[in-house]
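Each of the two complexes below includes subunit A, the first together with subunit B, the second together with subunit C.
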Partner chain A sequence: MAKKYVIIGGSAGSFQSITEILSELPKNYEQSVFLCLHRLKHVRTGFVEALSIKSKLSISEPVDKEYLRQGQVYLAPANYHMYFELGNLFSLSTETAVNHSRPSIDLSFESAAYLFKDKLTAVLLSGANRDGAYGMKMVNQYGGTTIIQDPEECQVKTMTTAAAAITKIDHILTLKEIINHLKKLQ
Partner chain B sequence: MTRVKKIRISEYRELIKLVNTLYNIDLSDHAATSLKRRIENFMVISTTFTIENLLTKIERSHDFFEDFLYNLTIPATELFRDGEAWLSLKNNVLSRLSKQEKIKIWLPESSSGEELYSLLVVLKEAELLDRCKIVVSSITEKNINEIKTGSLVIRKLAVSESNYQRYRGIDSLSSYYQLNKKNATLNKDLLEKIEFKKHYIYDKVEPFGFFDIIIFRNRMLYYNKELQNRVLDNINSSMNKGSFLFIGVQESLVYWQHADKMKKLTKSENIFRKQK
Partner chain C sequence: MEISDEKIQELIKTLKSSADYDFGGYSSKSFKRRILKVLETQSLDIDELIKRVQYDFIFVEEIVKDITVNTTELFRNPKSWHAIKYRILPKLINNKTINIWHAGCSTGQEIYSMLILLNELKMLHKARIYASDINQDVINIAKSGRYVYRFNIEYLENFDKVIRQNPFNFEEYKNVPYAKYLTIDKIEDTITVNDFLKNKVTYIKQNLVKKEPLFKTKFDIIFCRNVLIYFKPELQSQMYGYFYENLKNSGFLVLGYHESILGAQAQKFNRKGLYYTKKLV
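Now for the complex of A and B:
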């Protein structure tokens, strides 16, 4: 079976949803999962540990030029942008913040869209700014699948509605439905 | 975010080839995603807009090329980024060197002043500044001239101050700079004895000395593994046994062919010591 990739973006109000997704993905999940979440830039440790509590999959923050593996969850490190390069490896960057964010969801999504094309599923969750909207547009343009959490269910819906305003969203789903969708990628 | 016209891979390669042919600077081993993006951004700020225009201007004007190169460099994000790492430098490195008569420090590939200025504050507080010989090198004159001014970006000061607190500085960061209405400048006395060098680190180069500490944080992020290897070889040839190398928290030496030469000092921070 062809390898698939899942990228999830979130900001204010998304932590609970991320934890729930991670707790539901099975231990033998075969896809690579990338998390690009807005986080405190000076707090380097603790986030992976917090996310790991309920996750059946192993979670790590990639080191620059690390090869990405299937069945692993990767969290964009604090104060770095996270890119994906040909040869299936990570590249980190300290370039200027985009949408006041580093990591920026737009940059990670665009880079993933370009590299993984139709093998990519991109999910945007709750958030209070517009980061991720342009990234979703790129995912759509390169043939990936776009999913937003139903804005009515988001704690803060700015992010998901901003994405829906500028690009075609393939699926608008509740958290439960998102989880089912991601499980079916198996 | 400005919507930028994307360049094609073939155009990107053509540009890199031209730069190499005309100016003997090889950008082919730079991490492609971010370099491509910076080229696209430069096409907007320089109002060249098309790859044809960009190629023509690079071909015609050396000044334009310098400006291009300057705009490809990535400024450091803030002062005292990863404050705990600076604290570790102070406690685990400077404490070991404090008996030396002279301490030589090199900051290769500096594209902005934040790393240097942070270092100067650390050395001042450790009362070692007078004994240090610091060399700062950069790929363009423009970067060097900017670093020399000691000017600080005002919007980065708040986060820099909180980083400084995490480094557990003995004062307040604001006591090291002058804040005016429109700008902030590092105190002049700190910058008195720095040696600046225009230096190209991507090829095998003659080392210009041996250093006790080399500060090279978040620079290798923009190289592919081959270039990381070449640059680390260059850096290694400027280190003595016992010298220290300070790299970014998410960087690694594992892809370097001579990684066994270095030993990590502490578990949490990326400071290495040359063993052989």
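Now for the complex of A and C:
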């Protein structure tokens, strides 16, 4: 089966959902999963450890130009933007923050959309700003699948509704349904 | 705005042939983003840009400054500085001189972090510090040692973590006043490095990718943090070879927190956690 890629963006109110997704994905999950999460400026370390507690998959922050592998979860490092380059390489950048965010969900999503095309599934969770909206638009434009967490279920729904306002969302799902959808990508 | 990869290639070719700036080895995603930014700030489209760089060399110098990224902060990634403080510098304590090169020094925060650390370890008088960047504007800011205070509060938190605290012994606390090194003016909104550190540094404007033989001496430590991330793997490899040539045997190479030497050049260095040493030949 063709390789697939999952990218998940989240901000305020998404940490719980992310841990739940990671705890449900099976040990033999074959897709590559990328997490682009805003965090408090001062929380720069310990995030991988916190996410790893319940995850069956191994989680790491990529180093620049590292090859991405299947069945691995990657977290965009604090204070860097995370891009994807031809040849399935990560590329990191310290360019200025976009929408006050570094990592920027828009930048990671756009770059993943361009590289992975229809093999990409992009998920946007709870968040208090508009980062990710443009990224979702790009995912849609390059043929990827767009999913937002049901705004009614989000702790803060600014991010998901902003995305829905400017682009076609393929699926609006509850967290449970998102997890099932991601599992079926197997 | 969208620009095609072909147009980007055309721009790279033009910059190389008419202005001797080679961006061919730059990571494509971030390079494209920088160019989009240039087009936006200069209100040009890509064809106009390609035309203009052929005859307006002052303009080229300006956009080169916009293409390169200048993010830096005092004691960025304290864990790296712990490695420098507790693992690298103790090995150099008996040297008569310590040659240090900050390659891609940007606005100088990394240089001053190192100078402060050297002074705390009473090694400053031995240090010969060189710093280079492609961008004369950031070199001028580095020389001035003056930064915005607001939004940079982590400078002081990082200072605490690296200079005051000992991560291996929480009971140890060295109450070094900020004022020993930094003058904070909240009204002017500036944080300025004290003068005695400023004259320790020799600055050189340099386009790193040309790999020029700039120095007569070899280095004990080369810093190149968050610079090579803007390069493709091939160019990164060449740069590691260049640093290898410029390091003393067993010299130290300090990269950014999320960088590591990949590919064939890795064999020339020993990886030691957050830094590398040159292998003996």
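Details
As a working rule, the second predicted complex is superposed on the first by the 183 of 186 C-alpha atoms of A that agree within 3 Å, B and C clash if a C-alpha of one lies under 4 Å from a C-alpha of the other, contacts with A are read in each partner's own complex, and residues count from 1 in each chain.
Rule of thumb we're sticking to: a residue touches a chain if its C-beta (ideal position, glycine included) is under 8 Å from a C-beta of that chain, and two chains touch if they have at least 3 such contacts.
Predicted, not measured: the structure shown is a model, and the values here were computed from it.
Steric overlap between subunit B and subunit C is present once the structures are superposed on subunit A. With both structures placed on the common chain, the touch criterion links A:Ser111 to subunit B and to subunit C. Contacts of A:Asn28 after superposition: neither subunit B nor subunit C is touched.
Legend: residue contacts after superposition of the two complexes on their common chain; A:Tyr134 is shown touching subunit B, with no touch to subunit C.
Once the two complexes are overlaid on the shared chain, A:Glu85 sits against subunit B and subunit C alike. Shared-chain residue A:Asn99: touches subunit B; no touch with subunit C. Shared contact residues of subunit A with subunit B and subunit C: 41-42, 44, 61-66, 77, 80-81, 83-86, 91-96, 107, 111. Chain contact summary for the complex, subunit A toward subunit C: residues 41-42, 44-45, 61-66, 77, 80-81, 83-86, 89, 91-96, 107, 111.
Every residue of subunit B that touches subunit A in the complex is listed here, in rising order: 1, 3, 31-34, 37-38, 74-77, 81-84, 159, 162-163, 166, 218, 220-222, 224-225, 228, 248-252, 254-255.
Note for the complex: subunit C touches subunit A at residues 27-30, 33-34, 69, 71, 77, 79, 154, 157, 226, 228-230, 232-233, 236, 256-260, 262. Listed in rising order, the residues of subunit A touching subunit B in the complex are 41-42, 44, 61-66, 77, 79-81, 83-86, 91-96, 98-99, 102, 106-107, 111, 114, 134.
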